[in-house]
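Handing you a structure now.
Letters A, B, C, D, E and F name the chains as they come in the text, with residue numbers starting at 1 for each one.
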Amino acid sequence: MSILKAAIIGGGSIADQNHIPALKTLSDQVEVTAICSRDLSKAKALADKHDIPFAFNDAAKMYASGGRPDIVVNCTANNLHHPFTIQALENGCHVFCEKPPAMNGQQAREMAAMAAHKGKILSYNFQLRQTEEYALLKKCLSNGELGKVYHIKANFLRRRGIPGWGNFTNKSIQGGGALIDLGVHILDLALGILDYQIPDRIVANTYDFIGKAGGKGLMGDWDPEKFEVEDACFAHLSFSDNASISLSSSFALNTKMQKNVNLEVFGTRAGALLNPFTIYTEFAGELTNMEFPHLEETDIQLKNTAAFLDACTGKQSNICNAEQGAVLQEIVERIYQSAQQ
Amino acid sequence: MSILKAAIIGGGSIADQNHIPALKTLSDQVEVTAICSRDLSKAKALADKHDIPFAFNDAAKMYASGGRPDIVVNCTANNLHHPFTIQALENGCHVFCEKPPAMNGQQAREMAAMAAHKGKILSYNFQLRQTEEYALLKKCLSNGELGKVYHIKANFLRRRGIPGWGNFTNKSIQGGGALIDLGVHILDLALGILDYQIPDRIVANTYDFIGKAGGKGLMGDWDPEKFEVEDACFAHLSFSDNASISLSSSFALNTKMQKNVNLEVFGTRAGALLNPFTIYTEFAGELTNMEFPHLEETDIQLKNTAAFLDACTGKQSNICNAEQGAVLQEIVERIYQSAQQ
Amino acid sequence: MSILKAAIIGGGSIADQNHIPALKTLSDQVEVTAICSRDLSKAKALADKHDIPFAFNDAAKMYASGGRPDIVVNCTANNLHHPFTIQALENGCHVFCEKPPAMNGQQAREMAAMAAHKGKILSYNFQLRQTEEYALLKKCLSNGELGKVYHIKANFLRRRGIPGWGNFTNKSIQGGGALIDLGVHILDLALGILDYQIPDRIVANTYDFIGKAGGKGLMGDWDPEKFEVEDACFAHLSFSDNASISLSSSFALNTKMQKNVNLEVFGTRAGALLNPFTIYTEFAGELTNMEFPHLEETDIQLKNTAAFLDACTGKQSNICNAEQGAVLQEIVERIYQSAQQ
Amino acid sequence: MSILKAAIIGGGSIADQNHIPALKTLSDQVEVTAICSRDLSKAKALADKHDIPFAFNDAAKMYASGGRPDIVVNCTANNLHHPFTIQALENGCHVFCEKPPAMNGQQAREMAAMAAHKGKILSYNFQLRQTEEYALLKKCLSNGELGKVYHIKANFLRRRGIPGWGNFTNKSIQGGGALIDLGVHILDLALGILDYQIPDRIVANTYDFIGKAGGKGLMGDWDPEKFEVEDACFAHLSFSDNASISLSSSFALNTKMQKNVNLEVFGTRAGALLNPFTIYTEFAGELTNMEFPHLEETDIQLKNTAAFLDACTGKQSNICNAEQGAVLQEIVERIYQSAQQ
Amino acid sequence: MSILKAAIIGGGSIADQNHIPALKTLSDQVEVTAICSRDLSKAKALADKHDIPFAFNDAAKMYASGGRPDIVVNCTANNLHHPFTIQALENGCHVFCEKPPAMNGQQAREMAAMAAHKGKILSYNFQLRQTEEYALLKKCLSNGELGKVYHIKANFLRRRGIPGWGNFTNKSIQGGGALIDLGVHILDLALGILDYQIPDRIVANTYDFIGKAGGKGLMGDWDPEKFEVEDACFAHLSFSDNASISLSSSFALNTKMQKNVNLEVFGTRAGALLNPFTIYTEFAGELTNMEFPHLEETDIQLKNTAAFLDACTGKQSNICNAEQGAVLQEIVERIYQSAQQ
Amino acid sequence: MSILKAAIIGGGSIADQNHIPALKTLSDQVEVTAICSRDLSKAKALADKHDIPFAFNDAAKMYASGGRPDIVVNCTANNLHHPFTIQALENGCHVFCEKPPAMNGQQAREMAAMAAHKGKILSYNFQLRQTEEYALLKKCLSNGELGKVYHIKANFLRRRGIPGWGNFTNKSIQGGGALIDLGVHILDLALGILDYQIPDRIVANTYDFIGKAGGKGLMGDWDPEKFEVEDACFAHLSFSDNASISLSSSFALNTKMQKNVNLEVFGTRAGALLNPFTIYTEFAGELTNMEFPHLEETDIQLKNTAAFLDACTGKQSNICNAEQGAVLQEIVERIYQSAQQ
């Protein structure tokens, strides 16, 4: 198998600490040939650090420079996911784009359409799909152990986790707050259980009280004056087959745990908790709680990057694809719309 | 203060084990003078057991017999709450009616209207209001310790708690299942935090998979063939001030705890968990969890009956009144309607 | 169904506190018509206390007095199990005999032969068979959930539980110590898992160090001078199908728990722990521990007595029968023989 | 003191990770001068990594090359323990041989005889003797705190620990499975408590159900087709002074803990648990559990290697000597023979 | 042995619930023949309830009435301990007096002198001496297991335990607060370890902040306006042999536990904690914590009353005698004096 | 801001591992220019290791060499704190001196007087002031959350923590044992709560039983023959405003925990525990325990060094100053004097 050439767009920490190390580890399949950042010195510094041959401050130049990459990893800010992904697809590259897919449903649909048009892989980096626990949950589901799943409680809650760095509180760059940054991860997991159906009814509420009031931060200090997004979002999604999701996400909430990322899945034969993975069901006519004490932690970024490469080379892969990304982004948009009513 | 005369309508266990003992304990304020049950032998047996002077098998006869009671305690099945309450009010009695208020919103509104018309107290026996924990929650709220409450998670969940006795699975008698029997308790508590506002948006789903499939029971065995109601109900309520409630109730659900009755309350200054009562807030610039290890258990039926008597004698009382009952019943009806969509 | 007549032989606490109350509770099936004890005053006192019509100090007189019982419950000391059981069977009665079956294998075989000859039920009161946990274990076994069971660790251990009363340390009355008094219970459970096979190899050791040295007692004080039996017994049983049992029992042992009664069952598909009931197996390709938090405690004496009555009236019953008793007693004898080598 | 010269035979991970680092740490007493492996490149790689002057692919060449080592560390596969140890002793070297001593009792006896003949130290690397807990157990024993020890339960159990690498499932190389690889460690500890007596009676059973069926592995994946050894072994050993050992070992067993290595020791004055070290006894007339929360972990390989060097230089040492190794190996052989019956 | 006659003085709950039931249980040694209370109806009611032949409202009348009791149990308020005890001794009775001995050292010395003069037993009801834990502590001490004890931390702390009934906050009746009511118990235990020596140096502080401020009560509500005593007392006692006690007692203190009654005893060979009883020492050269999980709870009032009867009949007894009472009371007085400085 | 020049006096591990690394981390404010040790080779080795330009074996030479340091860090033994601090102040340097301040009160007062005379900062390295927990305690105090603090229990206890190295048991070098080495830390914290008042009454006892008897060490082995200091000290301090401190410190004590460093602070409005930081108070009329689960660990040496630099540059600082050091040292001296009585 020939080695794929990958280019990175965006010089932030997600490139530096997640994507480039994962790609480097998979050096038998891929090599990183270029990095592109608006700030050329940043691009060069990363190129030096990770032994990447070329650094650019303009993606167009990169494509023009010859040596077109097979793969583009889009590590830019949310509002740049759409333009840089479209551009990369137009240049004939597979794209591995950071989450969320885009700023709104329209952008995500355009991105999916372009990928289909070009016959290229577009996928989004929802790496929580790769935990041992979620893999086991999906296996139980496909084995029929859960029966039909009819309700899911999906939480990604932080007590005081408004990041004190980056653009996380800037609406025009991020497109939103806790939902679009955190909730999307757990919404992706929940939708994965329900065959990525489109809900027919949504009601939601968003809040920004704590973000705008300020207070103790556990992920650095934020500026309440510049807090433009929701710090918490609660939504109920109902599907045409009568399944439902109760989705909660927060940057800041007066709750116990510093961080609570979990799914509770209720099926006709059994229920499941994601973390720690547990099944609640009947066995030999009695109620049982099944624990799995020997599951191991895995490098989920590495597994997700490998899954993307599998997709690029035509193999079976469990990565979030372009169509799923469009469905998810449209749901996010509808949640925000509902919260405006 | 003169002693009030109370009559009991309905000869089931709720009369025998809850209401009559509470009234007997409050013998300085009230005496039970009559008991009425369709089954006269049942009425007589209870009269004997509890030293009640008169037993009837027809409420009309009771009212006609002279010695009109001041108070009627309506312990009948859900579908009889409306007729016997209306009749008692028409006969000039205060009424202490079991929950839920009625079969639907229209009935509850008629009951409230009749109580207003007659100038009598009508209240519903939502005795969970009387725990030390809820009293403390309300005190914290009125002291401003929680700030404005904007979201509540309210749960009344049983793992396998479909009662194997009574009419709990009969829709025409009960009006519904987990929501109308269990969920109403915790909905009452949640509405009590939000000033008993009327929600402007509701989306809900109900299920009956486990009830209809049958299985292990932890409250006796039920007959899946006769299971006509929902075994689980999940709803999201949104209010005009943007507050919201996520309400979950179940008779049967594949979950861990045998019984889980709780509120999580999220306010701008603090959050609170009802059981065990805990506050999550900032103190001296740091995040704190406040525990209250010395709260005592109380006899909540006794306290609720005493609160009803206070209302009858014109005192301040925290009981669920006729208007609140009508609001709650209408919400229940709207939840069921949403779940039909 | 006609009511069976039962006579009790033996006036000790096992009659007073276990058998008579259980029989009384089952008054729709059985009535206790006579009690017989060497000490007539003891017999009369129990007859008074439990409303039993007749009291005797000689079983022969009882059988001669007319009104032959249908059932005899043999609550005598171990060395009298054989004569009173044989006598009762000869008199045409079903016999419910306390454990252990007898003093040695020969006696137990004679008892079984007489029961067969007379066509009567003879069973032994191994009531630990009736726990919810053992019932569930047997159900898992028959469902095939455990696969083939090949090894069992069976323990009935007390740290300092040499009874300070009765004849527990008297060899000529009891026939032995920890094994014949305690170990038989758990041996019965283990044999029940292995189809009550007869082992082909046994090696065992018995000890009496602590019993003869004396020390702190947790079940009263015993007299080390009169300690004639084993305080601990460890044995390995190997069966012709290569299954094996490791059996440990003690009255006194320098170990942690005051009392430890348990089975660990190792099968090809799953293992099981009896208390708290847990299954260790694979599920969906991962290792799981299955807990059963909602099992309830039951009145095991009542269930065992009811099972005996079922047997007497020709119904399916899970009680220890005469043949099983003979197998078990023979194994006990072989264990003692091995320990003498 | 002059520095001893050591040669390593066998280039596997036990040499690389255990023996060579321990010898290097003890550089004031010993230097590693040569390494020998059938695969010369392996020998050279290890020599490079650990700064060892000479590498050989043939032990005979090594001995012939001049610079005879004082010490040979035999890190070969089980079936080579005998030939390479005999050869080393013949060449006048002390030998530190990996466990188990040999493939059978005959080999181990020959090795002990040769060591005696040559006046050289031969010892086996049972490093679990060197834990703080075992040292304390032995001290309590020699102080008389336990009285006479009469029964020991010795366990080395893994739930799913069939190694997915090496020759652990190959009978002709390993000589057996769970017993010869794991059980020997804990048998050595138990025998050390009982003065390394020879048992007069043994009954044992071995199994291979899980190993041959396949399933989830927690130490890599194994090939059930090539599984030739026992996955579990249960044995009862009885000694002429009536002491006994119940020995359990497994590569795979449907049990709770991933790994359970422990001794329970029952003495006339006290009992002891090895991990966490606890004594159960009487004190001031009451029963006490004595815990030792401040014991420290030690580098048991380092201590065992040091103990071997002590033996080589004529000092007191607690290492497993040649005679003990022969006794142990003979017991292992008799256990396997018993299991064949 | 003839039966002793006992009279009770004082008709409060300590007589009703502690002393009379204990005396009744010991009916083979003692009978209660009279009860005396200022309030005759109270005396008569208790006489009826407990089947006591005579009731008086004046102790003098009782003594004059013939049938002089052998024993007087003084259950009066603290300020009446002295007069009623002196009177009883003058009337030739043994006296079992409630704690504290008296209002000050002078009274207690007079009481001891009168008892000595009359040759009668006077003892004080410090029943905490009778726990299994304290008995074991004393046994370890006398066995030499602790070596010489040189420091004791003695605590009797309540978080919010100002009694809402009785005279506990009235200084002229009680003589003080937390120290004289609660601290005396644990001081008695500590002095019992140090041979009831007299300290040569004392420094102490008392406080009444919470008592005078009011607040939440866990033993009923108290009136801060009438709070005249200390709510907390901290003292350091140093003895001529250099031993020392750190004594803390409180009715109210902002601390974690609702009630904390304990001793920590530091000796040269071992330390001990009273509850749960634990010894900290060296064993076999290592540090051990010795726990005693099988100690049983005992009826300490019954044991203390029996110990008093033993003393009255000339038997060995571990009860607090008149001289010890005088030492203890003098220490209490000196603590209060130190706190005034 | 110009960079301060610092010189280190004393070449022990406290210099090597605490002070020099902290100063290096603060390289934007300070540079280490010289190190001085009686043993020149030690000085040079540290200079090499930490890149310090100059090494001396005589402080006088250092001052004479030109390039006078702005700051001297006095890391010498206790008995040299006074002379080297006085010398440094005379040479116009700020001094950061290790704890305890000196050998006695007179020395500490002279040091404070010299610092005042020279207008230089002298402070002592009580770095426990810098924990998040103590900062929060002080904040609660200044916010009035605790009300007036009236009693403090201050403990620095080790079970067997007599250091097996250094001069810790040498009285002429150290000036004492557990109190002067460990107790001073927690005394400093307690005095910091009480505005560093001077107590008017002190009673204390010191012991050396375990130190002189020898035994198991958890911080190396010590020589009981050379044990000249106290192994435990218990003191009660009473202040003119009636506040009090109960202070306990030990190198060796027969107690449970290996190390127990804590404050319990009792105030009129609330109490506090330092580790884990908890507040005990009333809230909304109920008793609450406030926990702070999200406090972070900090580098307390770094913070204390930074605080010293702040003081040197005229900024607000919470470091222990010369006057506080003198008060503390005088209290230590009075405790030792009291223990001699």
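In the analysis below, a residue touches a chain if its C-beta (ideal position, glycine included) is under 8 Å from a C-beta of that chain, and two chains touch if they have at least 3 such contacts.
Predicted model, so just to flag it, every value in this text is computed and none were measured.
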item: Angle (degrees, nearest 5) of the CA superposition of subunit D onto subunit E; value: 180
item: Candidate from C-D, A-C or D-E with the same interface as E-F, over half of contact pairs in common; value: C-D
item: Taking each chain's C-alpha mean as its centre, the one farthest from subunit B; value: D
item: A-B or A-C, whichever has more C-beta pairs in contact; value: A-B
item: Between subunit F and subunit A, distance of the C-alpha-averaged centres to the nearest whole Å; value: 50
item: Mean-CA-position distance for subunit E and subunit A (Å); value: 69
item: Multi-chain contact sites of subunit C, meaning residues that touch two or more partners; value: 159-160, 218, 285-287, 289, 293-294
item: Residue ranges of subunit A in contact with subunit C within the complex; value: 136, 139-140, 143, 145, 279, 283-295
item: Residues of subunit C that touch subunit D when the two form their complex; value: 147-148, 150-151, 153, 159-160, 201-205, 207, 209-210, 213, 215-216, 218, 232, 234-236, 238, 242-244, 246, 248, 253-256, 264, 266-271, 273, 278, 280-282, 285-287, 289, 341
